[in-house]
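A single structure is presented below for examination.
As written, the chain order gives the labels A, B, C, D, E and F, with residue 1 at the start of each chain.
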Amino acid sequence: MSCQLASDSILYANGIYRLVYEIVGVVLPCWVAYAIAGLVFAFILVNAVLLGAAVITWGERRVLGRFQNRVGPNRWGPFGLFQPVADLVKLLTKEDLRPEGSDRVVFSLVPVLMVAPLILMTAVVPFAKNTALASLNVGVLFILAVSSITSVAIFMAGWSSNNRYAMFGAARAVAVLISYEIPVVLSLLGVVMVAASMSLGTIVAAQALPFFLVQPLAFFVFMAGMSAELNRSPFDVAEAESEIIAGYHTEYSGVRFALIQAAEFGGVGVVAAIAATLFLGGWSGPWSEYLGWLWFLIKTGIIVFLFIWFRATYPRLRIDQIMAFSWKFLLPLAMVNLVVVTLEVFLLRGDEGVLTHTDLAIMAAINLAVTAISIAVFGNLIKDRVTFRTRQPQQVVVPGVSTIEVS
Amino acid sequence: MSLESMLVVAAVLFAIGLYGALARSNVIAVLMSIEIMFNAVNLTVVAFSRYVAPLALRQEIGSVLTGQVFAIFIITVAAAEIALGLGIVFAMYRHTESVSLTEANQLRH
Amino acid sequence: MTIRTEPMTVNVGPQHPSTHGVFRVRITFDGEDIVEVEPVFGYLHRGTEKLAEERNYVQVVTLTDRLDYTSSMINNQAYCLAVEKLLGVEPPPRARYLRTLTAELQRIASHLIAVGFFVQELGAFGTPLMYGFRSRERILELFEMLCGARITVSYMRPGGVFADAPRDFWPALNRFLEDFEDEFAEMEQLLLENEILMIRTRGVSPIPPEVAINNSVSGPVLRASGVNWDWRKQEPYDAYDQVEFDVPIGSNWDNYDRFWVRIQEVRQSIRIIKQCIAQIEPGPVRLDLPLVLRPEAGREAYGRVEASKGELGFYLVSDGGISPYRCKIRSPSLINLTVIERLLVGWKLADMIVSLGSIDINMGEVDR
Amino acid sequence: MPMRPLSGEELAKAVNQEYPGVAVDYDEVSAWIRPNRIHAVAAFLKDSPAHDFQFLNSVSAVDYVEYFDLVYHLTSLRQQSSAVFKARIYGREDLRAPSVYSVWRGADFQEREIWDLMGIHFEGHPNMKRIMLWEGFEGHPLRKDFL
Amino acid sequence: MYGLAMVKGLMVTLKNLTRKPFTIQYPEERAKQHPRFRGEEFVWYEERCTGCASCAKYCPLGIIKIETSPSGSMIPQGEKYRLEVFDIELQRCMFCGLCVEACPYDALFMGSGFEQGQYSRKNMVITIDQLRNAEKHPSTWFRPQLEGYEGGTDSFRRTPTIAQGESRFSYDPRGGPPLGWREVGRESWRWHQREKAGMRLEQGEAVPDTGRDELPQSARDSDAAAD
Amino acid sequence: MPVVQDLAFWVLSVVAIAAALGVVLVKDLFRSALLLAVVFISVAGFFVLLSAEFLAVVQVLIYVGAISVLFIFGIMLTRNVREGNVPNRLQIPAVMCASLLLVGMIAAAINTDWRPIPEAAAQMVDAAQTQSVAGPPAGASSSGYAEQDTGLAELLIADFVLPFEAVSLLLLAALIGGLALARSRGS
């Protein structure tokens, strides 16, 4: 007895899944095969996310170390590669603390709720040709929807910890998440419009020219918005350790902390993967039939490196400035991008409704100019708002001392 | 799973929401109950759209998705309602330091 | 959305990542706005003044190392100046130059830490701090070369310094100065015009000059408030009357100016060090004083220097014995904290940390 | 331009001109004034344009067993001069002195510290609490008879 | 344009990414240690010690405990005392080196080590036996005669290592065989002359240099000339 | 797979009803807001079962991501959580009202002859609903059925353009109203 997936199933396009399903289906009933194949793929995804998180913790600490002229962790294993293992062992052996007066159930649920959306998000990302668990036709929307669950989890963490720093962190995190959702969604609309699909597989296929060239503005907005949603510098107010200790996860320790940390760094990995898929062309590249995963990994790595680089360089903005940055700078930029892309798609699209390579190149040229101009214009607009009016110098003058003053 | 079972679930949700909306004194709790009722209605609309209406509608306007369009409208209205509702709650809290409906007996403060 | 919330009181510190040691502020917040501030000290109180009454005059030098451990050379200098005033002696010129030079090196080290932590508290993840530490490390190495210790130097003695610099010191110092200018230029490039830093610090927590003076604020904080007052200029001690330098002052009185003044002072310190190297002459470095000093009974002296944090004064009273009868330490960190209420109230939580960083306190000195 | 330290004699004369009989003694560097007039003298020294001591460097207390000396180091930024005045308080128990908090805010923590460590209570200080040690600590550790 | 400084900042960090780290990996690599380093194991030469306890008196913390008894030897010079106890309570030591400064006979030196962590407080006391038996690698702190040593025995290694190749003549406390008591001290006739490091009684006896001039005569040479 | 679907349906129903009961009965207002999020998610699950994936995703995005968070924000800012969810005096009338309605609705739902479309047509509707949202999935050949159908977007801006604009206006009004309400009187 053998099982066949229906060709219109969302799982049909997934090569690995189909393979497992058909092999298991030879010996077992179809619904068991269905479950087993699903479990196999879930296993892969969970491990991809958690292992990715581990590698990113290591990589971030190493690279950050080099940015700061240090070495970074280098004791465990070659180049310190086993450092995450050591960290994990240490965290697992720690006492499991729960603050007094905390909401027991909610407090314990949070780490799971932080990790789960990430794994769900990974489900629609194609690692190579035909490897996404489900090539959902609403893939982009699905990612946005699932990632919004995180805000509830953060609120739960902040609330149940019974700690004021955690509460501050949660309020800040949620405020940031809500405000940055909008520019990110608008920037993704442009991508969806050019690719004419919300499925990530189709978007990768549509990138004859990578979209970060076609829509640099959308790429910029997406990266800025995502570093805010991930609480990465310079938008890391939610866990600004110099202000509110660790924000919403101040009270977490041991294995719960490990999970939250895994969610943070896994989040970087997942977002980098999504950005690589949406803007850098995903697995496409030379010999992508065989080396697709390599291109994908390299592109993801580039995005992760960008995140680390920003973190190494920039101080943090204040919460109200972050909000202003989102509403007064990123949102108009995203709208400009949306309008421009809409017009271009409307004008350039041929009769069969497809954008050719040349069309994309023309769009890239126009959009580059639009990006430069609009960033300059809006940058100068908010500049007046954020810079401080210089007061008339008024000082106690002591004669006979040569001084220099702030320009 | 059938249309009837779906409708029964929706009815139960609606009734729970109604009870909550009537019996709670906290404004936010009332708003939450109203959201449950909205969701129950959405469920019914989508279920009808899936099981009953599509063929007839398709002949009329060429799509099977009409029910979903209604659901989308309901979601939008619910979002607007919550934004306004919570705005009113905050305004009320600011003036009376209370979110109890029984104490909100004045149109102006 | 401005929603009035109930004020809540938060203990910031004594264990908080950015209160510069065991400093505790009890802050009442309304939302994220600060409405009330109450500093609480004493977690590091070691009774230095009492200890000084039981040590002889030279032994107290070791105590001064531990006041502001980021600028122990300058503490040594202040104390030694006070004792010399008490004794009525003058150290030999080479010792004065060596003191000036080491004090300026220490000022650079201290300001590098101050700037580094200031930016760290703005949220830069350690990078400027590490660049600061990189240069500071070189300075500490010079100190080790000079006196065998990096932090708790105990280099100076009443009547001079304990020993001349070793031969290796001078070429090493020259090389350090060469490298440091590049490294520091890099740091300036990274920070000085950074927009994020600007919008975070410009216009935040200004202290007008009259408030600063009334609150006895001193040092870079006072100068950032637009008062060009520098004890090195006003009351030159050691070799400061021999060297030329400018006093940077701020015109907006805000956090950025405090940061900027420190950056500029590092530049001026380099200038001073170079002049010292050019001017220093061979000669003795320590007066022939007995190991156990006995100043005349009834004398008193107030010796002060412009330390990296502000005016550091030692008020010594002698009763003719081998140890000071009273040793009052006027520590700049504690007194600069007087403005804390003016500095913080009305600003946000995030600004509070930065403002605290901008006055650059050191708990070893606040609590003594 | 170097600082010009005001000699004790000059200071005593100036104070006595304004408040006759308040300055009771002087030596080369400092003048002693009556402790109950500290606040008035401080306000005078700060506000009179001839002296203009806007900047209070430090407030110290010295325990001489029979009496305590309060020492005020002042600086005038505009005049580039400095001055020291002292006040002598006799006794060991229940010592009181007027606070200069309202004249120079900079005295805030220093006066609290003196109360904490030396046990001189400053009247008129809005927050006269211990600063280094905890409330309820027995005695004042910087006194000579403590331990 | 707005945002330019942020790009500049990115370039600075990128430049530093390509640099070598300035930190070193401690147990394998060690920072350069300078001869004056005030290390924690004290170096004590019993032959020079008279048991006067100047060090104990001068210690700000009073952590040196000395007990002596008359030995009956060297009566003409004024009876040498026998040291029975010479305990240094290391856990409270702050390595200020004032004991070394106080020693009039060059008998006590700072050491050069810094790795004597112990698990119990009892072990943190350096006893007289440990001091006697320890390898003697004295620090040059407050001992100028060790600093400018030129030529001499093999125990004074010429080390080009200190401060990246600058030191040509300094003795390196971390290397070479231990120093005996004859090698470290000044001549006995100068003991009471209260000439300490840097405290030259007469001008011009030795010329401290500023790095610009030729290297001056070493302390050793001036000693020889005085002889 | 009808078995799986039935199983999913029963699980979802139990979860949804239990969570909804929790929302109205639990005393801690914060927890009841969290349970409300659970209700929303299970309703999204129902949508998936009804092959309205787009709606399911929108449900999660808007209800869980925005509305629950707004509720939690509101609860946090008004700060009367522990005592918060007290019932008022209308307890008994409310129960009676709700149960009467429930009985009526269930009776209507069961007794009415809904004349559902045949099973084969229902599967085609499934496919059409899935595919007309955002085009056919990658790699799968689109069935002939969906191609004749108008997609959701076209429906919204063609047939239902008037309600669509009305809703946009409503949202704008709500936005302005919310701003006006939340703005403090002084500023």
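Everything that follows uses one rule, which is that a contact is a pair of C-beta atoms (placed from the backbone, for glycine too) under 8 Å apart; a residue touches a chain by one contact, two chains touch by 3 or more.
All values derive from a computational prediction rather than experimental measurement.
Asker: Enumerate, in label order, the chains that touch chain C and chain E alike.
Answerer: A
Asker: Would you kindly say which chain has the C-alpha centre located farthest from the C-alpha centre of chain F?
Answerer: Between chain F and the rest, the longest centre separation is with E.
Asker: Ranked by contacting C-beta pairs, which pair of chains comes out on top?
Answerer: Summing C-beta contacts for every pairing gives the maximum at B-F.
Asker: Whole-Å distance, chain B centre to chain C centre, using C-alpha means?
Answerer: The answer is 64 Å.
Asker: Just curious, how far off is chain E from chain A if you go by their C-alpha centres, in Å?
Answerer: The answer is 56 Å.
Asker: Counting in whole Å, what is the centre-to-centre distance of chain E and chain F, each centre being its mean C-alpha position?
Answerer: Distance between chain centres, rounded to whole Å: 79 Å.
Asker: Please tell me the distance, in whole Å, between the geometric centres of chain B and chain F computed from their C-alpha atoms.
Answerer: It comes to 8 Å between the two C-alpha centres.
Asker: Which residues of chain B are in contact with two or more other chains?
Answerer: 90, 93-94
Asker: Among the residues of chain C, pick out those that touch two or more other chains and give their numbers.
Answerer: 1, 3-4, 127, 131, 134, 190, 194-196, 213, 227, 229, 234
Asker: Mind pulling the residue numbers of chain F that touch at least two other chains?
Answerer: 54, 58, 66, 73, 77, 133, 182, 184
Asker: State the interface residues of chain D toward chain C in the complex, per the touch definition above.
Answerer: Where chain D meets chain C, its residues are 1-3, 29, 54-58, 60-63, 71, 73, 77, 80, 84, 104-110, 113, 117, 131-134, 141-142.
Asker: Using the touch rule from the top, collect the residues of chain B that touch chain F in their complex.
Answerer: 1-9, 11-20, 22-26, 28-29, 31-33, 35-36, 39, 42-43, 46-47, 49-52, 54-55, 58, 61-66, 68-69, 71-73, 75-84, 86-91, 93-94, 98-99, 101-102
Asker: Show which residues of chain C lie in contact with chain A when the two form their complex.
Answerer: Residue list for chain C touching chain A: 8, 10, 16-18, 32, 119-127, 130-131, 134, 190, 194-200, 202-203, 206, 208-209, 213, 225-230, 233-234, 246-254, 256-257, 260, 264, 348-353.
Asker: Flag every residue of chain A that touches chain C in the complex, lowest number first.
Answerer: 64, 67-70, 164-165, 168, 233-234, 236-237, 240-245, 311-321, 386-391, 393-398, 400-406
Asker: Which stretch or stretches of chain C touch chain D in the complex?
Answerer: 41-42, 45, 47, 49-50, 210-211, 213-217, 227, 229, 234-236, 300, 302, 304, 311, 313, 315, 317, 325-326, 328, 330, 334-335, 337-338, 367-368
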